[in-house]
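Naming follows writing order (A, B, C and D), and every chain is counted from residue 1.
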Amino acid sequence: MAKIFAITIVLIAIGSAIPILMHTWDLPQDISTHGPLIDEQFSDTMAEAGISFLASQFLLAFFIWKFSNPKPGAKIRNFPGGAMGLVIAAFLLVGTEVLALGVFGAKAWASVYFTPPAANAMPVQVQAGQFAFYFRYPGPDGKFGPLHADHISEGNQNFFGLDPQNDPESRDDIVSAEMAVPVNREIHLLMHSKDLGHSFFVPELRVQQDFVPGVDLSIHFTATKVGKYEIVCTQLCGLGHYNMKAYLEVKSQEDFDSWIKQQAAAQ
Amino acid sequence: MATTVHELPKSEPRRSSNEGSGNGGWRNLVPAGGDARKLADYSPPPASTGIWVALASITMTFAAFTSALVVRQASALDWRHISLPSILYWNTLVIFASSFTLEVSRRQVATYMGGLRSQVARPARWLYVTLFLGLLFVAGQYAAWLQLGSQGLYLPTNPSSSFFYVLTAAHGLHVLGGLGGLARVVRKLSNSTLRRSTLDATSRYWHFMDVLWLYLLLLLWMKL
Amino acid sequence: MHDVSPHTVQHGAPTGFIRKHVFSIDHKVIGKQYYALALVAVFVGMVLSWVMRIHLGWTNFAIPGLHFLSSTGAPGDVMTPEYYLQLMTMHGTIMVFFVLTTAPFAAFGNFFLPIQVGAEDMPFPHFNMMSFWVTFLAFLVLVASFFVGDGPTLGGWTQYAPLSAVGAVSGPGQGMGVVLWASSIAIFCVGQLLGSLNFITTTLDMRTKGMSLMRLPLSAWAWFITSIMGLTAFAVLMPACILLILDHVAGTSFFVPSNLVINDQVLPHTGGSTLLWQHLFWFFGHPEVYIAIIPGLGIVSHVLITNMRRPMLSHRVLIYSMGALAVLSYMVYGHHMFVSGMNPFSSLAFSFPTLVITIPSTIVVLIWLGSLYGSKLRINTASLFALGFISMFISGGVSGFFLAQPSIDIMLHATYFVVGHFHLVMAVAAIFGIFSGTYFWFPKMSGRMMNETLGKIHFWLSFVGTYCIFMPFHYLGIAGNVRRYQAFVDDYLQPLIPVHKFITIAAILTGVAQFIFIYNLIYSRFKGAPAPDNPWEATSLEWITATPPPHDNFGGKLPVVYHDPYQYGIEGSSGDYVMQNSPEQIKTAFDEK
Amino acid sequence: MRIRRSYLALVALIVAPALMFAGTVSGKVTYTGTPAKPKAIDMSKEPSCAKQHATPVTTETVVTDSSNTLDNVVVYISAGADDPNAPSQAVTFTQKGCQYIPHVIAMHTGQELDVLNADQTSHNIHPLAKVNREWNKSQPPGAPPIKDKFDAPEFISVKCNIHPWMHGWFAVLKTNHYAVSSNGGAFDLPNLPAGKYTVTAWHEDYGTKTQDVTISGNETKTIDFTFTAKPY
């Protein structure tokens, strides 16, 4: 029984590792400038975690195999080095390991969050609401019109609560249900929540940030690959949470320009 | 299946009532084969440990309320200053007085329970005074609510008033609990089943209540 | 005057059914009541998870008879989006609070802590009784929300504001459902505070002669540490729930900011802080995770060492490690909020202690492995589950490496990776601890042995099944599969649906295997072989008394303790072990002086 | 007096179709000024709906044509022809292509309303009722129709919480004499027995207008309503 158990543990450990080693399910391809650091950090962590996982499972299995149903008269032996040895080992091995992870991870984190957006970054506002994202571009005047909560009327496609009648800045604002950005151009994303807690997650972009109702945060990123990607909500926001999504279209500069013209016409 | 070893429990004859079951202590080991009787036998009565534990968790609760207040105040600009109802300061005097009378009665009851009944005619007298002052305090807090209400400040009016009502209500409930404890002490005293530890624990709780109130008063006075 | 000694808890054996089995103040009965409550709760939670899993694998599949549960939640037996979330919320809440907190801590702790310290009962038996019945009331209130208005809340067991705080406008179940949820949890906190009060005082004051703190068995230590955590954690959750209820019923704005617009209408609240709830909740929430798992560590150590027939490599180090886990658990709660919009610097500040937590956890595992080395391991259902626990604890622990780092959390936050992580490390591991404890202590609790064959079958199915369910969760998470989705409509999630189907099948089979356990439990309770006093040849005090223990645990004679708890593998008068209360000299004593 | 008249109206209503012994009010709804131009609805979030529409869908708040007519206006007898009891047959409100069909649906108080989901995605029906009971139910694809009725007269705004752009109206009236202006703002209210009536026209954005009309015997009165459009 013990031997079967040991074998089972080994098989499970190996079986769990195979999909990782074969990259059956992997991180989505990275299309951001800050992504590589994160991916590197991820693979390093995977290596360290994987080794500790396999090592300790194998050790467990081996000891179970070896020390179950012992011969009569077998004497108890203490682990060489005793408890202190193990404690020291834990501090040295795991301690340094996590310290390294922590330090390098901090670098990856800093590259995302501790850098200001470039001066020429393109401002785009995203508003999250039950259960859709809407995006706003400032238009030719480069200014976002003010938001009036009491003007919001989803049935009339006024998702932001703009008041073009009284706010000239609002008249040329471009509102869209999908987000188009020019490739290799830094985007300064201004995040506004209409109602509840939501989150802005684009796996390929290596970006996930919660919306904080009442507080407008901003993040910045640069997309490096033309294509169509999905923006999903990862913060439980109600019954339509699963269906709260939008498309991110990374376009070449000229495609983007024509897109923005066509959107402006449709307003 | 392992074979069973039927071994008679090694144990000592039942303690006499003045001896404790608890025999904690950190390094208070019985030398193997040594004589258990030799042990110094003391561990605090559960009631007195228990009350500290209870006070610890009450402290945590009000710490949580406090941090909520601080975060909430920082979170938005809608924080409105409200001036505390003047009666609160009288209530403070009242609850402090109650602590004083409780201390007096505690000594009296101690003497009384110490066997010197002749010296203490009616040990419960000061307990009743304390009970009365406690009720007076609660009534006073309620009056403070009425004062705020008359200024049009209710629970939802603004964050300051919300926290005022929440904190005073939470404290008031704990005071009511203390009053229940005091009443219990009076009853036990009358049918002479009162333990010193019960009395001490109750008074500790009561004193904590007015320290807590002092803290809340300062907090509200500074923050609101 | 007649003064009863404050130290003794003297209540005569009750007469009459009610005082004996219902409103009993006997810690053993209360322990069993907690266990029964946990059994009912875990069954409900498991069924909920089945329904959810089926829906995730085969969305729009009509589950026959589901509409009887809720005609609006499942019109034509097909689950609506909100109903999925409602079931999910109830699954989480029931499992975390009413299973993982009650079973290993309140149930086993109540039954065995006083016996292991050598006391007749807890010092405040009436608080103890209240503790159970208050918890039971909390359970009723929670379950009641199934039948009120438009059902239970859909906000998830974390109940993030403002979704939880703005009321019915934010969706079905967000009005009455949330109020019931918050009330239930607040009541639950009261129950656990009363329990913790008793546990702490029992450990500090009720230890018998010679039972120094360091001579307490590891299970007792685990319960002691857990009760300290419970005392502080639940004392923080309760005020949070009260404020949440006030935002609902009194129109206050603690958690709801200004100018929120739902259905084109501006909400009346102003100025609240949404992060405030997250801070209050996780300051409780993370310790709660350890409240669920630390009793498991203790129980497993206790069971393992008995079956390894040797002393723990170091009793002390294990105790200190558990203490370190408890302390650290208060300094890391922010790692649930890396991308929540709190200051990114504090994310880093929280990430380091989180990584540091791996050190005490590693030490615990290494001490177990080190003690396993050179031992005389006995394989039985209890020890199998204990070893399974270690395997789970390792598997779930290593994924912590990822989630402790904010940079990687950008990719894994709120994905199935997290779901896999906490299910392995705290949920299933804790459940394995409960199973291990059950097979180990059932003889003492009921007076009869459990059936080993059924037990082993149960173990094998559970062990393999669990890995089949929860390992794939990590892969899904890495592929970016967001959690708390009732259906996977996004294009990039389509290829993952087969994995979900596989998980669903595994979950149902594993769940069915649990009925073997239920059957074994009931069968052995009435028809099992009569249990001797000390079936496992164990040394701690619960095994010196009769089976099942008499009302006052030791038949009016409190034991005196002479040894550290685990004197195995030495020549004793009673075999290869010496019991804690045996006065005999031991040549090769493993006392840690 | 009033009672007797409505009683007569009822009797008339029942026998009217048989022998054309009743009047009709018909007309046209128009507007003056420049209305906000309908906005295009982007359904890219919901591909299963988006692909059902060859041409881009626009908002239906103001549906008009070249000659300034106005559709989706509820025209009904607000006084003079109260009908105590609702017709037995249900009115049907369909969700198709992530739109409400019709955009405005009128019904009698207490009349059964069937809500259908003809899409391959889950919808959510949320009538934001003030007078009546507000409810909020989701409807997975293939789920049976949601049946409900409203007991008090009210104009109820209806939303889908899953698809924010979906918006419609329930016009709950206490008369059976109503029409929703369509194809060129036309409406007619048949089967009106002789009598004096108040006709009200309601538009979701432009408000209400009323006119009085007197029907003597078997005739057709033509009345037109003119709203002033809002530019935004």
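Heads up, the rule we're going with is that a contact is a pair of C-beta atoms (placed from the backbone, for glycine too) under 8 Å apart; a residue touches a chain by one contact, two chains touch by 3 or more.
Here the structure is a predicted model, which means the values were calculated and not measured.
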Please identify which chain has its centre, taken as the mean of its CA atoms, farthest from the centre of chain C. D
Higher-contact pair (C-beta pairs counted), A-C versus C-D: A-C
Measure off the straight-line distance from the CA centroid of chain A to the CA centroid of chain C, and report it in whole Å. 30
Find the geometric centre of each of chain C and chain D from their Cα atoms only, then give the gap between the two centres in Å, rounded to an integer. 56
CA centroids of chain A and chain B: separation to the nearest Å works out as 49
At least two other chains touched by the same residue of chain A: list those residues. 129-130, 154-155, 214, 238-240, 243, 245
Would you give the residues of chain B that are in contact with at least 2 other chains, written as numbers and ranges? 75-76
Indicate the residues of chain D shared as contacts by at least two other chains. 121-122, 124, 138, 157, 159, 161-162
If you look only at chain C, which of its residues touch chain B in the complex? 1-9, 118-120, 123-124, 193, 196-197, 200-202, 204-215, 231-232, 234-236, 238-240, 242-243, 246, 250-254, 257-258, 270-273, 275-276, 279-280, 283, 378, 449, 452, 532-537, 544-545, 554-563, 573-575, 579, 581-586, 589, 591
Along chain D, where are the residues that touch chain C in the complex? 121-122, 124, 126, 128, 135-144, 146, 157, 159, 161-162
Listed in rising order, chain A residues that touch chain C in their complex are 1-2, 5, 8-9, 12, 15-16, 19-20, 24-28, 37-38, 41-42, 45-46, 48-50, 52-53, 56-57, 59-60, 63-64, 67-70, 74, 76-79, 82-84, 86-87, 89-91, 93-95, 98-99, 101-102, 105-106, 108-109, 112-114, 129-130, 149-150, 152-155, 161, 194-197, 199, 201, 203, 206-215, 217, 230, 232-243, 245
The answer for chain A against chain D in the complex is residues 129-132, 154-157, 159, 163-165, 176-178, 238-240, 243, 245-247, 266-267
What residues of chain C sit close enough to touch chain D in their complex? 60, 72, 75-76, 78-83, 150, 168, 171-172, 263-265, 487, 489
